[in-house]
Amino acid sequence: MDLLTNILGAIATIILAFVVGMSYGGIVRKITARVHNRLGPPWYQNFIDAYKLFGKTTAIHHGWMQIMGPAFLMVSSVVTLMFVPVLNNGGWFTNLNFKGDLIFLLYLMVFGPLGMALGAGQTGNPNSAIGVTRGLSQMVGFEIPWVMALVALMIQFNTTTITGLMDVQQMSGTWLMFSSPFAFIAAVLAMLGMFRYSPFDIVGAPTELASGPVSENGGKFLFTMMSSGSIFSFVKLTLYVDLFMGGADNLIILLIKTFSIYMIPVLYGIVSPRYRTEQAIRFFWGWPLFFGILAILYAAIF
Amino acid sequence: MVGSPVLLIAIPLLAAFLIPLLGIFWKELVRIIPGLVLGYLTILSASLYIDVLNTGTIVETIAGWRAPWGINLVFSPLTGFLATLMTFIGFIIWLYSYRFKRNVEFEAAKKYFIFLMLLVAGSIGIVITGDIFNQFVFIEIVGISAYALTAFYTGRNSAEAAFKYLIMGSLSASALLIAIILIYSQLGTLNMAEIAANIHNMPPQYRVTAMIFFIIGIGVEAEIFPLNGWAPDAYTEAPGPVGSAFAGIVVKAGIYAMVRMMFTLFDISGPMQILIIIGMITLVVAETSALRQVQLKRMLAYSSIGQMGLVLVAFGMGTKAGVFAALFLMLNHAIIKPLLFFSGSYLVFNSKEKNISEMSGLGKLMPFTAAFFALGSFAIVGLPPFAGFWSKLSVLTAAANDGLLLIIAIVLLVSIVEIVYYFRVINRIYFFKFDKATSVVPHKPRVNALIAMAILAILILVIGFYPDSVSEILNRASEDLLNTPDYIKNVLSTGQSLTY
Amino acid sequence: MEIIYLIFILFLSGAIATFLLGKVSKRLRDIAFITTLVVPSVLFFTQINIGQTVDFSVLGIHLSWGITNFSYIFAYIVLGLGVLAGIYAVAAMKGKENLGFFFFNYILSIMAMMGILFSRDLISFFVFWEIMTWSSYLMVVFTGKDVQKVGIKYFIFSAIGAYAMLMAIVITYSLTGSMMISNLIFAFPDFEFGMQILIPVLLLIGFGVKSAMMPLHVWAVGSYSHSPMAYTAVFSGALSKMGIYGMIIVMAGLVSRIPEGYWFREVIAWMGAITAVGGTLWAVAQDDAKKMLAYSSVAQLGYIIIGIAIGTPLAMLASLFMAILHGMFKGTLFMAVGAIEKQTGTTNFTEVTGLIRKMPFTFLASLMSIIALAGIPPLGGFIGKWMLYESVIGSNHYLLIIVIFFSSTAAFLYCYKFLFGFFLGQEEKEWAHVKEAPAMMVVPMVILAIGTFIFGVFPGLILNPIDAGLQELGYAVTQGRYWEMSVLFNEWGDTVVLQPILYTILAVFVFFLAFVLTKNFKKTRYVSTKDISSSGEIPKEHENLTFSRGFFQPFLRSVEPLMRRKIDPYYNSFGRGMEAIFDFVRRIYTGNGQTYALYVVVFALLLLIFKDRLWG
Amino acid sequence: MNIENIEIIRIGVYATSILLILIGLYAVLTKKSLIKIIIGLSIIDGGIHLLLIGIGYIKNGTAPIFSPGFENASAQMVDPVPQALVLTAIVIGFGVTAVALALIIRLYRHHNTLKIDEIKNLKW
């Protein structure tokens, strides 16, 4: 019975993540357009796209790795979602009680992109592969400050789980973004790359590469990828909220917090031109790395 | 008593003179007699040696006169061991070279076997004699026959090699004679045991000078560092079996003479700096010189010199473990180096200019020879589970027991150099493509040569897998070398004294 | 008859029999080969009891053979991989020349590794170590490529390592009068200070060479990539683990018992970290799969070394787990490369593409191994990584963790390159004829790949023997504290429960796969990889759409400062310098007889001058 | 003759022999001709032989033969051993010289020269 509740809860969480993620995506498109002084699509445009894609028949494929790619991607998003507590104190469903081990999470998060990269690779479109190589290279870039931030948190509070860190914030009442500010800065800078908005959007490179890794996918492939992406951005935002902003006590607060943190990469992206891959990597190994080291020193000393 | 140690010298000398005479009747006798002689000597020496191990040292007095008046031969666990080893290696060399020059000429074979007999006789003489002047004579016999054997081939540079050998040999012989004069003028005797008994009566200044001249006198045969310029040339230019005779027999005799002089004659106990230093220099210079050799036999020659350096280092430690290790090294070297020379000379034979670079791919065409060469190389660089490893290990443990860490390090570094040049050759033989432009289509080794190599290879494996098979022998031999009082007692108490 | 002797006699006689039968019949030879591998393995796992020893003496030195709980861990790697790679080798090497020789060396090196594990004394250890070295050397030069460079380099480094070890061994003997490893460990704390430093350093050099620790790694890449892939699977998978085996004994038995041990640990850990980073970056830069995997092996061994150096129970668990898993997945990958080489004749990423539909099983095995290699859950590689990270963080090595993370993230790059380069991308006509490798090659790969999966879910299966082994090294029981059958704990008690995660992953995967495939999917047809939307243009047959050159150019440009320093040229110039010096030394032998005569005289004079010095 | 004279003679013999040895060495080390080197070696030999003889020399000594009536003559005897040694050494020296000359003939045929520093095909 318990298990059934958990599974149902998990499905509910997925739906929540899907809805929130898709809506955020639409809103971002709208905001971007407004900043660019365009009208932009309505905020629910993503849902329309998804519905359209869902309804399409897949006409061609290039082999079974391409078919498995979206599934890999979805595994990554959904299982990561299972790791991240949505609300404090079991306010939402506890999902499957994975406790949210951070190192496990880090590795699970790359599972999806790698799977998709494989799927994209099989299409034979050179642009896909180029996009993938850029994406992976960039990942090495932002992963370093991101991990440093996480390690700083881990060693500061002697726990490697998200729930552990949330408990710390609950108990002390201080958000971690204040009690370990450098880690937060490093993590936020890393987040810029993680969301792949401009200036770090060379991976998808919408114009030159005919939308990069996803260029050969249509129909349900694209639908799965899209929804996975939406879920994934929700997961990442929730993770940041859980880690640095004391989590959320109810869904409204969660939405406010996630949206406000989401605006950081979005707004930074809107006003930025695009970096080349090595520029991006160098960016991440500059100030973010510095703050990461500061964070670790801070954590080690205090 | 199956026979007398005298026969070990007398028979080959006699045979050397009989060979040309009997050759008149039947040419094949020239080849057969040395084999019979060496085979008999091996058996004789081995049975004498077993006697010695069971009952104690045999001291043979010539014409019944007790030392110091008569010349005597000492067949002890040490000398017996070396004599047996030498006769055995001599026999193997005969087996290998039984059909040597068969198809070419009778005269050449005749000369070869005559001088081989003299070489063996002289070397055994050096080992078992108990008289320094006698030793000098034997060294000269070995020298002259070695010059002749080195110059065996006409039309090559062999005369040059022989001449260099001769210059150095003569100079050192003079030095040896001076040493003998010094000792005789001070002690009035030439008998080793008696000298050993009275050596401390000799003024130190004379003693040391005599020792230096001894070192120079014997050093040429023992191939110690500045005195070994002849060796690479002679090994290269002499026929293959002669190279192995040098490495397996002559050098051993030289080394023996040197350590007998140091340990017994001058009764030095404890570490001998001079031997260690000379040995280390010899080892390092020789092995480093070997690295960039173009010719295989020259490389083998340097390797041989280097090994002898290591032997001297081990002797120089002066401990039981050191002597044991040194004798073990000598034994292994006497087995392995002939194997390398045997197989190596077939490889050389099939390359046009004798260069290593022309031996590409010969391993596939002459599998047995190449395999024996590889086995020998593995063994000589000290890879387990082959014979060479255990002797190297003994040297190192002996050195460690004396705390000679620097020496261990140098020996091991030099071993790496050794590995490099041996493995370069092995690589070339096995893993390069055969090239008709540089190599001739191989002459396969003859059966007798293969048997000779196989016997040595089997010995390498036996000692490698079961080193204890020789450890007892070596233990007895090393005890014998270190026990000077017993040597003196044994020699001086045998035979009749001069009375009227 | 002791079973222990029997195993070695079987190996040895089997090796010889295989070699000789090779001259008679190929089939008999293959059968003899497999039998020689399987029978002793079966004997080992069924008949040998832990703690059972045989004692004998050689040259008056007491020697002893017997298996311990600790060496048993490595026996799994050696025999498991040895048998599977052996089966693979029979098919993979079919039709090659000199196979009798290959099999002979193969069996000898397996035997030597088992011998190392059986050795309870330093002499047998060294003997088997050297047999392992030369038999593997003969494999490196087996293909005849670059033997004078690569082969000699391997042997030089092996010899440096082995002789450093030998020096430590003889020093030990002179200090303790015994060759037993247990005596060394027992007496070590009482040694004088210099020896306490010297012996571990020498031993670590010895083991560091085999485990390709920087800066002693330069032999590894050439050797791994030059030996036949069937052997490289064992070479990288099992043989390098012998270095790890020795290193663990040194670190746990010797270094941990002296006060200076802390510095040893730090230095080795950092060397391991440098190894990991360097190996990874260079692996990313390679275009040849063999070299890439070789560098990757170096990097992976770096992680293992880090774990050993840290030395907490969790780190040791991590290291040993990774050692076993590395044997499995790297073995599989090398076998896959071998299969590709056999089928296509090349292993270069820039030449081969799009094999996925031609060699699906090879791809599947490679995919799983790559996932394990990258350390992505739910495959086994992750468990080791997780434990390593937790132990590094738990032991307060903050900078180290960053370095490790960097290298393991960068590892994704070459992981992807491997899969993409060979299997994905355009399906070129040139490779249209390629078929899947024979079943005898595929089955071992798939078995190993499935193994990585099973151990990813039930790490307890491996951790259990590892635990027993660690207890023998003096560690406390770790079961229940750090792991259960499929649960992991870190130093702070945080847990990862593997099974539900796996089931979730599987459920989600199956669901979405089904989701993609249902509803009209039958109408979906397969199209060739030329049929792509290339900005609306239709590519022609001859157009090159393969992306394989300069694959990670941007990344490599950004890490270029890290890769600028290579140790290899230094070694090379050192070697050349030495050769030049040696070449100069031999000019002492001028060839002029008169000079030699002069030497005699000068030597005499020198001795006469220094006679007082020489004789006191 | 008194005892001093004997010593003078002895020293004279020693000095001569050492001089001979040095002359021989000089020839061996500096002369380029193979023949001269061999001559040098022979001179060294000669010097050493002289030295040996000098050791055994006793003024007015008798032949070293024990015979009836001369049982206690050993004090007056010339030491026989050095003489025996010298005889042997002379024979050996002769043999070596013969071999050397034979080699020189061969060398001359091969190299068309007798200069030792031109005969170094074998080196390093």
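Points worth noting:
The letters A, B, C and D name the chains in turn, as written, and every chain counts its residues from 1.
The rule we apply is simple: a residue touches a chain if its C-beta (ideal position, glycine included) is under 8 Å from a C-beta of that chain, and two chains touch if they have at least 3 such contacts.
In this text the structure is predicted, and so the values were computed from the model without any measurement.
Contact count check for B-C and A-C (C-beta pairs in contact): higher for A-C.
Centroids built from CA atoms put chain C at 44 Å from chain B. Look at where the CA atoms of chain A average out and do the same for chain D: the two points lie 101 Å apart. With centres set at the average Cα position, the gap from chain A to chain C is 36 Å. Inter-chain centre distance (chain A to chain B, centres taken as mean C-alpha positions): 79 Å.
Counting partner chains per residue, chain A shows two or more touched chains at no residue at all. In chain C, 586, 589-591, 593-594, 597, 601 are the positions where the chain touches two or more neighbouring chains simultaneously.
Residues of chain D found to touch two or more other chains are 28, 37, 119-122, 124.
Interface note: chains touch in the pairs A-C, B-C, B-D, C-D.
Taken in their complex, chain A has these residues touching chain C: 10, 57-63, 65, 67-68, 70-72, 74-75, 78-79, 82, 96-99, 101, 103-104, 107-108, 110-111, 114, 117-118, 121-127, 129-130, 132-134, 136-137, 139-141, 143-144, 147-148, 151, 154-155, 158-161, 164, 210, 215-216, 220-221, 224, 276-278, 281-282, 285, 292, 296, 299-300.
Interface residues of chain C facing chain A in the complex, by the touch rule stated above, are 354, 356-357, 363, 367, 371, 374-377, 382, 385-386, 389-390, 393, 396, 398-399, 401-402, 405-406, 409-410, 412-413, 415-416, 419-420, 423-427, 490, 492, 494-497, 500-501, 504-505, 508-509, 512-513, 515-517, 519-521, 523-535, 545-547, 551-552, 554-555, 557-558.
In the complex of the two chains, the chain D residues touching chain B come out as 21, 28, 34, 37, 41, 44-45, 48, 51-52, 55, 66, 71, 79, 81-82, 85, 88-89, 92, 95-96, 99-100, 102-104, 106-107, 110-111, 119-122, 124. Those residues of chain D that touch chain C in the complex are listed here as 25, 28-29, 32, 37, 116-117, 119-124.
Partner chain D is touched in their complex by these residues of chain B: 133, 137, 140, 143-144, 147-148, 151, 154-155, 157, 159-164, 166-167, 169-171, 173-174, 177-178, 180-181, 184-185, 188, 190, 232-233, 236-237, 289, 293, 500.
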